[in-house]
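In this document, chain identifiers A, B and C correspond to the written order of the chains, with residue numbering beginning at 1 in each.
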Amino acid sequence: MNAIEIEALTKHYTTGFWRPRPYPALDGLTLSVAPGEVFGFLGPNGAGKTTTLKLLMQLIYPTSGHASILGKPVGDIAVKQRVGYLPEQPYFYDYLTAEELLEYFAALFGASAAAARQRASGLLDDVGIGGERRVQLRKFSKGMLQRVGIAQALINEPEIVFLDEPMSGLDPLGRREIRELILRLRDRGCTVFFSSHVLADAEALCSRVAVMANGRLSATGRLSDLVAFHVRGWELVVSGLPDTALEHARSLGHVVRATKLGEGRYALELPLSPAPDRTLAEMIGQGARLVSLNPVRDTLEDFFVQQVAASKPRTSAEVA
Amino acid sequence: MRTIRLVAVNVFKESVRDKILYNLVIFAVLMISTSYLIGQLTGGQDVKIIKDLGLASISIFGLLISVFIGIGLVWKEVEKRSIYTLLSKPIRRGEFVVGKYVGLVLTLVINVAVMTVAFYAVVGYMGWAAPENVRAAFPSPAADPAMLKAVALIMIELMLVTAIALFFSTFSTPFLSAMLTVGLWVIGHFNDDLRNLGSYVGSSTAVWLGKALYYVLPNFAAFDVKAQAVYGQPVPMGYVGLTALYGLTYVAFVLVGAVTIFSRRDFK
Amino acid sequence: MRSAIALIVLFAGVVGLQAAQAQRPPLGLPQGATGNVLYVRSAEFMKRAALSYDAIVADAYWIRAVQHYGGTKIANNAGSRASNKQYDLLYPLLDLTTSLDPYFDVAYRFGAVFLAEPYPAGAGRADQAIALLQKGLRAQPQKWQLAEDIGFVNYWWVHDYTQAAGWFNRAGDMPGSPNWLKPLAAVTLAQGGNRDSSRRLWTEIRDHSDYDWLKNQARFRLSQLDAMDEIDILTRAVDAYRARAGAPPRNWLDLVRAGLLRGIPVDPERHILQLNPETGKVTLAADSPLNPLPDTEPPA
């Protein structure tokens, strides 16, 4: 049984007051996520990622199509016991403290008062909220709210977690903490479905990804399958390179592009052939010193940009 | 059930931490006390005036709470998006709406209770402090327990206004909800005139319309037994019972409507 | 659809219970108590409280005054129910209306008619009517309609014909006043209370008034005067019969047979007039809408 099963899911909004037209926020999405996967749901803003998540949480109702979580149709109350959700830019009851909020949610899951308190306290430790937990949420910064958001998504030890832009609002330290958290969840066997437009996170965490553009699914599959990790060139960084040597290499076509980093220090883009060690040897012969030599591969970002460019925009008939 | 209770307790917590509530209660208590001073200036009629003012204050302040908090009950959560996280937990949309309602009613009950106690304290004192001959002339005792019937019906009236405000709050902005709720309350008070619309306005459409609206729109005038309470006129328990039953049935009707609307909507 | 069924059932419950409430007897109030309380009676206070919205607040009070009058009247007409409602809020409401808006002419004229009219059709307070009208004259000293109304109240309800004549005269002096006021003043002074001068007053009001309800009042009064004329004629016929026959007639047919009458007499509202065979007195039918006839003859 798949953790998430989505079939031809479509959501049309009507826009326009005088002549209402349907706006396809999501158009025929078919997708499945296996249990235990960390699945990256990628795409630019307006691609339909948040719409999909809202449909999965039954905050909105589909125009057509079907989705199920853990084998049961979306919205099933029993399934909600095993699910966690963090919306984009979360807002919580600002008159409650962080502690009270988590205890409230824990109680909604049926935890006793004591168990709720314990669970809340543990999670707050995990996400790095210390003494502020007794302060009313109205005084929390964006980053702290994001941490509270993650804590409330995990309050019931869910089997599957939906995160909408989990890294937003966090400083680099916070982002690293969340990355580690997601990896810990994966190790525990939790399925993680998260949407993001920050590709570096996806590259670091996901086993499979889907790329959305203009309301449609553009591509989906294992990361390694989608992005051909073939080398298309080399990046050579040298210091102490005399200008004459650089001109010579350029004229021979051994250097495609040169970026000056400082006096005699260059980042050079080398073609696939001749083999870079030959070009390097020549430069060393002229007095240069090696700083670094790295292969240049297609990244997820290249793939992403390609996909989005290739995807058909929503036609003018569709958009009001 | 459990979820309804949890949501209700949260609403109560919010209204307690929202300082508006304190101000209203203090103001109402102050109002009742100052009416005591007014009473001093109008010799003889003071107990009647204070009873009038006291019951009216309980009604008006309760109404303010019902409307001003009621119109935001659901709307605020949708607008601020706190509804997103809440509905991802194992709680049905209907339980959420009912929980909100119960929470506000709980707040109202406490408020009305506090105001009633203050009210009885004031009239009780006035009755005790009045000279014997003046006291003998009262149409009914100063701290007349029969006035509780008026308070009970005021409570039911508030429950109905709250339900209506909550209903509008499930799909409409606060300003519009306030106008509609207050509008219905005002029309509901002129219920008798609706019934007699035919004799004011000539056309037969008016007669039919007046009668139809008379049966359908909430009859708030029936909850108003303040005049009877003040004059010591008997209000039979049968009257209180029927009117209370009417009020509660209407509350159920409105709540079912609110739950139905709320269950079907998209949260953009 | 469970919710649809629930809604229908509950709606039926609501309508049914409302019908039940409609059937029960209304709660009573002690004799003379007003169901409504006017918390603010001071016009001065209200003028300040209304800020810049005097006109609208005046309108609101005017509507309330009309509602109060109409509602009380309907309740009293309803007969068996608690029908001792009073018009005691009418003057304060009209007073508030006109204090907020001194040019609210219809309020003065409404007050002139319905404050003075005796209970149960009106408040029976001619003094309040006159006070209201005089207040209006303080704001608009040259408004002849207000002076004419004071004259009218004095004439018709207070029976002070000297005062009435004085006011008709003053009204006649004001700019824009109709030219029948001065002659009316003279007639009133000369034979005040006389049916002719009353008829003249009401005819002028009927022909020249801008308010329908005032015109209707005038038509009604004129019908009453016609009825009184008829009664006089019939009384003379009865007396003639008595003189001739030595005994009062038993019924109208006697008079018809005696040639003193052409047919069964009816009043202007088509109700048959009544003859009392013992006293020979002619009166209106008890159910005639022209009852009670006004008393215009000066007290003996």
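By definition in this document, contacts are C-beta pairs under 8 Å (C-beta built on N, C-alpha and C of every residue); 3 or more make two chains touch, one makes a residue touch a chain.
This one's a predicted model, so the numbers in the text were calculated from it and none came from an experiment.
J.: Going by the stated contact rule, which chains contact chain B and chain C alike?
T.: none
J.: Report the chain ID whose CA centroid sits closest to the centroid of the full protein CA set.
T.: Answer for the innermost chain: B.
J.: With chain centres defined as C-alpha means, what is the inter-centre distance between chain B and chain C in Å?
T.: 40
J.: Chain A to chain B: how many Å between their CA centres?
T.: The mean C-alpha positions of chain A and chain B differ by 50 Å.
J.: Could you put a whole-Å number on the gap between the CA centroids of chain A and chain C?
T.: That pair's centroid distance is 84 Å.
J.: Chain A touches which residues of chain B in the complex?
T.: So the residues of chain B in touch with chain A come to 2-3, 6, 10, 13-14, 17-18, 80-85, 87-92, 264, 266-268.
J.: Report the residues of chain C in contact with chain B in the complex, numbered from low to high.
T.: These residues of chain C touch chain B: 3, 6-7, 10-11, 13-15, 17-22, 24, 27-30, 33, 35, 37, 67, 70-71, 74.
J.: Give every residue of chain A touching chain B within the complex, in rising order.
T.: Result: residues 13, 54, 57-61, 77-78, 80-81, 83-87, 89-93, 95-96, 104-105, 107-110, 149, 152, 162 of chain A touch chain B.
J.: Hey, which residues of chain B end up touching chain C in the complex?
T.: Per the stated touch rule, the residues are 52, 139, 192-193, 195-196, 199-200, 214-216, 219, 222, 225, 227-228, 231, 233, 235, 238-239, 242-243, 245-246, 249-250, 252-253, 256-257, 259-260, 263.
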